[in-house]
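A, B, C and D are the chain letters, set down in written order, and residue numbers restart from 1 in every chain.
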Amino acid sequence: MLFFMNDYSEGAHEKVLEALIKTNMEQHVGYGVDDITSEAAMLIKKRINRLDADVHFLVTGTQTNTIAIAHFLRPYESVIATDLGHISVHETGAIEATGHKVIEMESKDGFLTPEMIDRAIAKHADEHWVLPKLVYISNATETGTIYTKSMLEDLRNTCDKYGLYLYLDGARLANALTCGDNDMTIEDVAKLTDAFTIGGTKNGILFGEALIILNNRLKECMRFSIKQRGGLLAKGRLLGVQFKALFEDDLYFEIAKHTNETAASLKNGIIELGYKFVANPSTNLIFVILPNEVHNELAKHCYYEAEHPYDESNMEARFVTSWATPKADVLELLRLLKELKNGGAISS
Amino acid sequence: MLFFMNDYSEGAHEKVLEALIKTNMEQHVGYGVDDITSEAAMLIKKRINRLDADVHFLVTGTQTNTIAIAHFLRPYESVIATDLGHISVHETGAIEATGHKVIEMESKDGFLTPEMIDRAIAKHADEHWVLPKLVYISNATETGTIYTKSMLEDLRNTCDKYGLYLYLDGARLANALTCGDNDMTIEDVAKLTDAFTIGGTKNGILFGEALIILNNRLKECMRFSIKQRGGLLAKGRLLGVQFKALFEDDLYFEIAKHTNETAASLKNGIIELGYKFVANPSTNLIFVILPNEVHNELAKHCYYEAEHPYDESNMEARFVTSWATPKADVLELLRLLKELKNGGAISS
Amino acid sequence: MLFFMNDYSEGAHEKVLEALIKTNMEQHVGYGVDDITSEAAMLIKKRINRLDADVHFLVTGTQTNTIAIAHFLRPYESVIATDLGHISVHETGAIEATGHKVIEMESKDGFLTPEMIDRAIAKHADEHWVLPKLVYISNATETGTIYTKSMLEDLRNTCDKYGLYLYLDGARLANALTCGDNDMTIEDVAKLTDAFTIGGTKNGILFGEALIILNNRLKECMRFSIKQRGGLLAKGRLLGVQFKALFEDDLYFEIAKHTNETAASLKNGIIELGYKFVANPSTNLIFVILPNEVHNELAKHCYYEAEHPYDESNMEARFVTSWATPKADVLELLRLLKELKNGGAISS
Amino acid sequence: MLFFMNDYSEGAHEKVLEALIKTNMEQHVGYGVDDITSEAAMLIKKRINRLDADVHFLVTGTQTNTIAIAHFLRPYESVIATDLGHISVHETGAIEATGHKVIEMESKDGFLTPEMIDRAIAKHADEHWVLPKLVYISNATETGTIYTKSMLEDLRNTCDKYGLYLYLDGARLANALTCGDNDMTIEDVAKLTDAFTIGGTKNGILFGEALIILNNRLKECMRFSIKQRGGLLAKGRLLGVQFKALFEDDLYFEIAKHTNETAASLKNGIIELGYKFVANPSTNLIFVILPNEVHNELAKHCYYEAEHPYDESNMEARFVTSWATPKADVLELLRLLKELKNGGAISS
């Protein structure tokens, strides 16, 4: 069975695993105040060129978004996001569970635009409405598209105009910053946002997201929020060890390059076969329009997501490559798609 | 430098680490619905003799307590705990952050008694007060003492009298159930509580707590709460792999036996040396009264907690052994304590 | 200056005021457990033909919606409402502040339809989404339209299909049930919903909303929630006195008839003058398309809301009549509109 | 039947009622931005000699405490109060329901002392604990005692030492500031606290508490919090009218003087009769130790609270006088107590 379900189906990249094994019997103080975690944080600060940043390591993406946003906002303040945003539709209302409304702006491609922010602000007139205060974007977006540098600059300017914080969910930041369409560096991200995350879980470690806080007003007492909301790991050094491995020798970006390359191979093969995409994919989330009969057959040989019909005769199929995807698997998937395209049965 | 700071200073027990390494490149579906996690849950259900139980695997102790208790209670319901309870004083008000008051009953030894519950219930008369609904206890307690079976039965009866849920925080349950003073089995715990936790982090795994729900009324939709509060791990199988390792061949209890044996050696040695305990320790938390001059010297050679003065001339020192504590380290610590007892300098 | 700003600009209807004066020096126990409040509750139970209902009296509409909905839902459950719903856009995120997401379905006319519920349910697939559990509608709606009996029956059936609660915000229920287009009785409302409110503030009393709970599962411990969220009035009898006055001799509906009659006069006059409506108004909220030059002049002589432009040359103006609106004021407003229509200056 | 149950058993003082009647048919804009409310706020600002203060009018005491404290604090911050504090034990965990822990310090007489604050601060060491940030006191306290000026100054200094806000719940502030033992003015209160409340409900109006915010850091966006938590009254002018009546000609203090005088008469009569007090009462809450047989007989002729036994043979009885208590009722209560003292039956 092939596996193109997601990018968190295996454990850890071998270098990360080695680091965990090597440090396993070391004794460290708990809760992330150990030396390794400090080293990992320093590696990141240097890499993003912001020695003044605060770096916190958390376990899951929902946890990171929730703790950060709840920490940043006053009770009556709210978030502007797209209606495809991960916090809008895939985190079980976690932001609302901390008391904050998410204002969802309709988006077809996953992008939040300055114009959407203008509209949200215009609508929220006075104290009978929540007060918009934080803009949430994801890069790569939930549809696999990526922001360009000028798009991010425009958002920054719009946020400044209204006194809004700009928060970037980087669950798949590595993929965004290493794909062919990208023109942005991680230093740019660190310069243009108030806070952002560096996703590890989907880029080769067992678990972990780094939360980077750049705006001084948002830094105070963050560890209280992390502990209060269950995010402070007793063996905090596990996060330090893994992120240290990721940011030594730029492994973080190397891993993503592999992911993107396998995705590009798959994408190009699919184009050649004449299938269409739901949206033009920049990174490793490839949404393909599959005829129902192709899907029905393919699903017997490969795991992938196909939850939504595209129309009456087609499904929306999502193929995801990862740091661990062998090139051979891409070729095999393309072979299957080719055979099915031709209407023949699959010869296994 | 010796290390008796806590029982989560190393990584994972070798058998657990091996299981992680062995399964690292396997591909599994995410979020804890994989096969390994199911196997781990089944092993636990069999071991506690409750095939009807719901088993959920979470990452940290604060997270587990918070998600469980917030899930179980209605907004106006509250928790009865001791004023030493982990949720009362070491979780940054996590329970209150979900909207629920913790009614703290003064305790000297960490035990919550039926009489305390009687008093709490009597005081909370009507709708001008919160409604007590859940009793929180820890076993082992926060002072290292343990509940006997009859104590737990009495609590169960008291809870039944008032319609209260009985929740047992088992962050150090393994230590409690394997120490010399214990007369209870894990089956007893599963029979007498509405929900309890099986702590892994402090007993040889990288991270992880199992939440066991026995009362049918408390089971519904728990995965929604876990996801909403950031506790659903993408690579959920990591928890499955570790707990499977713990509950194959009863490794869980074997590990704790080692912890308790080193603790007993240390305790006996300390008694021989004539030092006094703050409380009589049953498990691996040993609170010793150390003269200030002994503490000042010892702290140069050994890590341990000593945050509170016992009186003007003594400190309250906490020594903790773990699954990874070598017996040689216990002997070395006793040697140091002996030398310091005699007033001499330490010969290193 | 004429005043068509809203229906809560005066104090209380004379009969309500008399009742307050008459009982002013009586001594009653506090917090709504007095005899007058019981009598008021019984009058309502009889009037809606549901002796089994629980009736609670609260102070403001936002308070009532918030306390009720937060009481009814588990933490991960959510509300389906229109994007025009009062809780969606005019209560400062009060529902979200208690932890619950409001799923906003786009609506042009204020109505929530079964089809919208179907769509919301279909989208919210599993524990990565909030769980829809309560449907919120307003009657009259926020645009002044009203539900027919068959519309409400269809919603009831759809809610039953999915196991949803149906909650009706009756801030302007009196207006809805007494207007010309209505075919529903308050007994119907009590039969078809799980809970609903009877608005007093906008129908002739100083303040007060009655919360009617019909579904037994939602009743338990409501007074705890009311007290906890600041809604339990020390001099609770004030609510009892006012609602008793409203439900003796059906004053509640008489008042609304006057409101609707003045609204109908205004509406008919406006039609004769040739102005257009934004939506066809059934009750006392009349949204008129006013040319900018008419609005600019009229606003010097009359208070009314005109916050949104209709298009480049027109404003959306909202005229509201109330129990206290003199017929003479309607005639005077129509005179002004007529003069301005003719392009002439206003002769005062 | 005599009535010494509480000080909110009647409606409004005649001057307040007159003001409500007189303004009943006036038309005002809603939600407290009307002229009368502004005038009332200005009267208070002048009376407390703080033109820079923000004044908000709310409905209930629990509502006011909750909205203010939740607005002032960050999620991980907590409140220090006594274990007798109204927010600790009579508001159904309202503060906790907004996410904040109340650290309860044991108190016998209702006073919170600097020493208690020192102890609370010392205990809350780091991010594993909530962060104490606000000190809550009541004046008069829940036991009827009052703070002297030097006591309040000491609390101010202690708060400044630790960077804490000082919040004073003035539900019975009028009684405190007009009783014989008092040496403080309302200007002193406004000078020494960061925020305080001026209770109206228990001092002659139908309902209403004024929240006074003095610390600039706490002022921003308060109206959002008031609306979000259901505290913004549509007919906000009702609060304005009543507080304007209270602060014209110092009616607020006149009313309280009457209350205190009747309380003093009752207290002196009780002393003469030889009954003992639970605590020495300064204001209108008089806690008397009544022999069970006296209580059993008296309760047939007079309403008062007697919820707690003092010891095996006595009850703790609470008698409360109010602005509406006739002097004749005091004399009659004393007559009853005298007859019962002598063991005789009551001659009615």
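Just so we're on the same page, contacts are C-beta pairs under 8 Å (C-beta built on N, C-alpha and C of every residue); 3 or more make two chains touch, one makes a residue touch a chain.
Please read these numbers as outputs of a predicted model, since none were measured by experiment.
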Contact-richer chain pair [A-B vs B-D]: A-B
Chain whose Cα centroid lies at the greatest distance from that of subunit A: D
Centre-to-centre distance between subunit B and subunit A (centres being mean Cα positions), rounded to whole Å: 34
Distance between chain centroids, defined by C-alpha means - subunit B, subunit C (Å): 52
Chain centre separation in whole Å, for subunit D relative to subunit B (CA means): 43
Residues within subunit B bordering two or more other chains: 75-76, 91-93, 97-99, 127-128, 130, 224, 227-228, 232
Residue ranges of subunit A in contact with subunit D within the complex: 70-71, 74-76, 98-99, 127-128, 130-131, 221, 223-228, 232
Subunit B to subunit A touching residues, read off their complex: 3, 5-6, 8-12, 17, 20-21, 23-30, 59-64, 66-67, 91-94, 97, 201-202, 206-207, 224, 227-235, 238, 303, 324
Complex contact set, residues of subunit D against subunit B: 75-76, 78, 89-93, 96-102, 104, 123, 125, 127-130, 307
